[in-house]
Amino acid sequence: MKRVTQFLVQNPLSSLLIALPLTGLAQFLHWSSTLIFVFAALAIIPLASLIGEATEGLASHTNPRLGALLNATFGNAAELIITITAVKAGLLQLVKASITGSIIGNLLLVLGFAMLTGGVRHGTQTFDKRSAGRNAILLVLAVVALVIPSAWGQAIESQGSSKLEAMSVGVAIIMIALYALGLFESSQLKESPLSITLTQGDLPNWTLIQSIIILALATIGVVWLSESLVGATEAVIQGLGISEFFLGIIIVPIIGNVAEHLVSVQFALKNKMDLSVEIATSSSLQVALFVAPLLVFISLLLGHPLQLDFNRFELLAVLTAVVVSALVSSDGESTWLEGAGLLAVYLILGLGFFLLP
Amino acid sequence: MKRVTQFLVQNPLSSLLIALPLTGLAQFLHWSSTLIFVFAALAIIPLASLIGEATEGLASHTNPRLGALLNATFGNAAELIITITAVKAGLLQLVKASITGSIIGNLLLVLGFAMLTGGVRHGTQTFDKRSAGRNAILLVLAVVALVIPSAWGQAIESQGSSKLEAMSVGVAIIMIALYALGLFESSQLKESPLSITLTQGDLPNWTLIQSIIILALATIGVVWLSESLVGATEAVIQGLGISEFFLGIIIVPIIGNVAEHLVSVQFALKNKMDLSVEIATSSSLQVALFVAPLLVFISLLLGHPLQLDFNRFELLAVLTAVVVSALVSSDGESTWLEGAGLLAVYLILGLGFFLLP
Amino acid sequence: MKRVTQFLVQNPLSSLLIALPLTGLAQFLHWSSTLIFVFAALAIIPLASLIGEATEGLASHTNPRLGALLNATFGNAAELIITITAVKAGLLQLVKASITGSIIGNLLLVLGFAMLTGGVRHGTQTFDKRSAGRNAILLVLAVVALVIPSAWGQAIESQGSSKLEAMSVGVAIIMIALYALGLFESSQLKESPLSITLTQGDLPNWTLIQSIIILALATIGVVWLSESLVGATEAVIQGLGISEFFLGIIIVPIIGNVAEHLVSVQFALKNKMDLSVEIATSSSLQVALFVAPLLVFISLLLGHPLQLDFNRFELLAVLTAVVVSALVSSDGESTWLEGAGLLAVYLILGLGFFLLP
């Protein structure tokens, strides 16, 4: 019992595993969809975290290059699984929203909260300006490339056309190529925004076999939970009066990024802002360069082609988030007031998304 | 007589006090509205300057925290009084325009003119990059937050709706909260963009009582002049063929900011660009974080709810001004050519506003 | 023969002079318009390069101030001649597109390719952050000023009006004035983005008379080729199914900037990134501050008034290019991945322009 308590103190997220059987129970007993949604969402959180740890365990048994590739690919496994399930269900609005929502959430909510809590405890915090600047440059390039098709679609005022489809696929190909180049570069560098690991030393001592089994089990769990989550989505939208769009842009990214949130805040509290900033930036970068193009390709295979036509306010929000966070991290310093400013922008954007018709 | 001459040389603005009785005379004798408008505008300038000095006199007799709060609150007293009077008269277009106009004017006109004159005299001028960068970050955060409702309103293409009202009030609450946090931070720091004072040592030796009396008299004067000014506005618009919008975005901010202009240019000529840059930035910051949300609240009480729906060209102008000025001050150096560039952008924007239908 | 070979190895572009007689032949024998277009385009490239060299030869025989003015004025001679010919032919769409295309091409294609090739050979390359920053500031100011009329026109949703004409002329006057100020500053400074020369020491030893004759002949050649090129344009558009717009934004700028491309890449390969970055920035700056306003004035004289109303996607593209390239060069460092990122953005924009209806 003491051990369990100790484990839970060290891994507070693990206690959420209790939601896993509850999701099954709720489905079996036909409880309300909202309840199923909440349980599934909560249960995904610790499993997403487990996938991350198992991937790193696996990576530590391979050579560094393969390890970096594994980390980069599975780093967003939970998010990918949820969105692929949503693509299958034809919830493209939710999928698109969760792509931008994940970028916005990482850059404003995660980073803002880290700067706020870290700044309250340590005053002005510093981090490596050079590496933050370099990552910010890559991020701006990636996000600008990602949103060009939408801006293009709005400039020609013909959304959903076959040309927009061509544009989306073209951009996806270029992004994936850039991602491959980035991975190639990161296999040469020691520090790279594409291969950052979250645990940083607190790695569990799992063998290769243990890592693979845990990875497989956690992935299966997330797949099942994603189906429960997505299955309950329609009922939740009608029941709570929240739009599919709001669910996608605020709720889903929060579920998928809780681990990043916690780790980033922990590093900020330990006055390691370098790592906090890097987690937020690299997560966003992976979404723009890897998750989004992959979803475009997978959606084609699944017969629900996903077009990169974000709405105007999404465009505004994601560009704002990128510019503001790049600016805040450009001077290698952060204060709690800057963190509060990022959170204020997130709150205002969130209010806008909530009120969006 | 000699004394008066000496006083006028040291306080050139004071000679404009002559416009105060002229405004009364013009009203009494029913001179043209344009004349009343011009006299009232001219008379506001020295009174606005007096309010600033009296506030600082008052602040010097209190503890620093209260002093900072006083300075921050009364720093834009003239602008606030004019705009509140305009809200009462239902001139919401003018009020909104003067919010953005004040930000644009400070960042392009004031800063550009300071850099131009300072650069002509001293060549390349330098200032503290770190503090300029920090203020620029806060300013970008504040202005982005301020314009999100407008961009949101245009994205959903439903201006003037009740949702936009909710959005405006929500943003105003978040901005004021951020302002309070900023004031709290500035009470801890010695240097802060929210509590900068304009006189910097040239403070008149007024007692507490003298300061209060001068503050009260100058405020009453500005209130009366604002009513004359706003009362004459409609006739001026029809007489000169200038739009309410142009009056708000170019003329009113120039009236309200003449003191900042002069002081900022004086510091630039003395090669103290740190202070010049800080005045321009902090004035804009106070407008975005304090004046704008306050006007939203007051307009609700006055029954003419002000919605933060700036038009597209205003959005463009204010974002341009913020980005361009942040960029110009990001390297801690200024040249007269950069100053000329800022003025060129201001001129082009002004031309656009003038030609706006 | 050996001499000719040696000359061609040192001046690979010169071999393209073969296209000069071919253009005449093609016109004489009434070959297809596409062939005439291609020959004329190819023949312009070495002549543009010759104009550049002759100008520098001429400049070396005058005093530095006049020399700087000559370089600045004739630096874009080929581009100016092509676009003026197009204005005469009433191809205003092509002219406008080539203005933005030239800026985008310099900042994304030229700079991206230089950073990519240089980075592959030398790893992370460095350049003077301060001067790159200063030029980036001027460039952002110039480009923002250039695009304000378009944004203004779209905000009022009345394109092609007489007010937009007034706006365009007003902006052109302000830009030319800023350009004159910039030239004045550059005559005082040793290093200036407005007077950079491309050859940097490889200058041919031409006498004053030789320089003038070569300049005159090359200019006449470009004038004649431009007429062939523009004359063939309409047929090319119909034949290849490429839009006038795409021709203007991608093809024409590439023809006009081949020399810059080559020189910039050569400097990058020699690890002189300072010069690479400066060439790309200063070329763009000259287009925005000199070519564009000059075309506005000339178009008025030629009776085909050119209005600065770029379409939305052009606006987006040019602002993206400026912001992204400013950001990439802001840290004084470049990597091949950043270069690849710039090229990716160029490719995506190019795809968008190609698909534009």
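Details
Each chain gets a letter, A, B and C, in the order it is written, and its residues are counted from 1.
As a convention for this text, a contact is a pair of C-beta atoms (placed from the backbone, for glycine too) under 8 Å apart; a residue touches a chain by one contact, two chains touch by 3 or more.
Just so you know, these numbers come straight off a predicted model, no measurement behind them.
Residue numbering shows that chain A and chain B use the same positions for less than half of their mutual interface. It takes 120 degrees of rotation, in steps of 5, to superpose the Cα atoms of chain A onto those of chain C. For the pair chain A and chain B, the distance between C-alpha centroids works out to 41 Å.
Under the contact definition stated at the top, not a single residue of chain A touches 2 or more other chains. In the complex of the two chains, the chain A residues touching chain B come out as 311-313, 316, 320, 323-324, 327-328, 330-331, 333, 335-338, 340-342, 344-345, 347-349, 351-352, 355-357. Here chain C touches chain B in the complex through residues 130, 133-134, 136-138, 140-142, 144-145, 148-149, 151-152, 154-156, 158, 163, 166-167, 170-171, 174-175, 177-178, 181-182, 185, 326, going by the rule given at the top.
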